[in-house]
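Residue numbering begins at 1 within each chain, and the chains themselves are lettered A, B, C and D in the order written.
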Amino acid sequence: MYVYEHTLRVRYGDTDQMGYVYYGKYAYYYEQARAESIRALGITYKQLEQSGTMMPITRMNIRYIYPAQYDDLLTIRVTIPELPGRLITFRYEIYNENKRLINEGENQLIFLDAATRKPKRAPDELIKKLLPYFAGDVP
Amino acid sequence: MYVYEHTLRVRYGDTDQMGYVYYGKYAYYYEQARAESIRALGITYKQLEQSGTMMPITRMNIRYIYPAQYDDLLTIRVTIPELPGRLITFRYEIYNENKRLINEGENQLIFLDAATRKPKRAPDELIKKLLPYFAGDVP
Amino acid sequence: MYVYEHTLRVRYGDTDQMGYVYYGKYAYYYEQARAESIRALGITYKQLEQSGTMMPITRMNIRYIYPAQYDDLLTIRVTIPELPGRLITFRYEIYNENKRLINEGENQLIFLDAATRKPKRAPDELIKKLLPYFAGDVP
Amino acid sequence: MYVYEHTLRVRYGDTDQMGYVYYGKYAYYYEQARAESIRALGITYKQLEQSGTMMPITRMNIRYIYPAQYDDLLTIRVTIPELPGRLITFRYEIYNENKRLINEGENQLIFLDAATRKPKRAPDELIKKLLPYFAGDVP
């Protein structure tokens, strides 16, 4: 299991007239946290794409528990629960400054060959970075 | 069961550098289709809010099946599968111009009193509009 | 001079906690109206891009006169004031349902060869469509 | 003159199919940098709003000089050129990691009483924070 925490601040443009963060903005938060979780492994999604791997989203589930508001400093805890094969899963928990869990979600992404747009296995460069976090897993 | 179809066109700003509609944009598409499905009932979400009901989202599930691309004319089929109580569910199926199902999703929303932000039952004005579509349902 | 009018409805996700349309959303409205103004000429921006022309934005000026609000039905009057050369200008006036002018703006776009990303002149296929609207102009 | 520098990273959802940051995203970047420039003064826009001042945008001018791309780390230099009266101006210069100036812009905002939504002068709490930076200015 690989876990990473990223913090970000809610922008005015993220709110709606209810005074809450608009429900569509969480996908952007997830993406930002996901990219930073990969960067912390020592590789970037940009590099993966440049070396021929695209990772479009195939699923998203979100549970909205408590509203986020303008200027809140949110902590997003990103988890990769399993070593990826043809798909990779990211889980997210978002906490506000009072350590309250306000949002939970999950994304599933598929590995595509960037040129052919056909499915393929997770690239070795990513697996190599993730392996240490799954060392004790019984295959 | 209440069903409504709404069409919209993909904007350039909805795409990302993969050349696909960014996964976070579907929540906006759902909202637009949801609002139009309510308007077609003879009431608007704006009126519901003005008469004291807010409906924040509590859940969203999305399955991304096939990419949408710039300038695609998408048809969003919105379904309200059950008469709402304290919660309301909307389901979405998105089809492209070739009638291909490219996306499926679901939202659950909660009814709040706009002043107190406390949960309440679906307002009568909405129930009245929906009742004819659920006439045969055994309570 | 070429003039075209497009209408669109403000989405909930376009509002911010002031209860107004967020100032960053107007660029999306302009893009949507601009694309439709081109489509009305009998050609699409998608086709222009597919036949090798990209049109990134080089300038934008916006004057925010009066707020737009959720569910407003806005009319965007798009004007192309001059036959394009290496650049093209689009002007926008946005009116609400009370015919009040609420926003004015302008974009300048540059024509690029999509493969080389070098500047080029406006493609003939676009000029041909625009010529009738500038017939009386003294060159 | 008050100057502040903020850095942010381009998200995937900020790009479009040209592979550039979509032109409408700069308003969000400006807002984020503007909010941080105020926070660095020892006050927040959130506090200003809570104590009764709203600051909607009245003008925006943007010059797009060079494209920003996915994962770029951008530096936004925010300048408040003059002590505000009934209006406040913010200027922005955006640099990429190669120190290249890629974007320039300006916003004008108006001070409104949050309750009445009528224009008013800049609140004293903001003026007090800004005064030291304009100490030598001849009135």
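Here is the rule we use: a residue touches a chain if its C-beta (ideal position, glycine included) is under 8 Å from a C-beta of that chain, and two chains touch if they have at least 3 such contacts.
It should be emphasised that the depicted structure is a prediction, and the values quoted were computed from it without experimental measurement.
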{"item": "A-D or B-D - the one linked by more C-beta pairs in contact", "value": "A-D"}
{"item": "Chain of greatest Cα-centre distance to subunit B", "value": "D"}
{"item": "Chain centre separation in whole Å, for subunit B relative to subunit A (CA means)", "value": "25"}
{"item": "Between subunit B and subunit D, centroid-to-centroid distance (C-alpha), Å", "value": "35"}
{"item": "Where subunit A and subunit D are represented by their mean Cα positions, the distance between them in whole Å", "value": "29"}
{"item": "Shared interface positions of subunit B, touching two or more other chains", "value": "12-13, 18, 22, 24, 27-28, 31, 70"}
{"item": "Residue ranges of subunit C in contact with subunit A within the complex", "value": "12-13, 15-19, 22, 24, 70"}
{"item": "Complex contacts: residues of subunit D adjacent to subunit C", "value": "18, 20, 22-25, 27-28, 31, 54, 56-64, 67"}
{"item": "Subunit D-facing residues of subunit A, complex", "value": "9, 11-13, 27-28, 31-32, 35, 44-46, 70-71"}
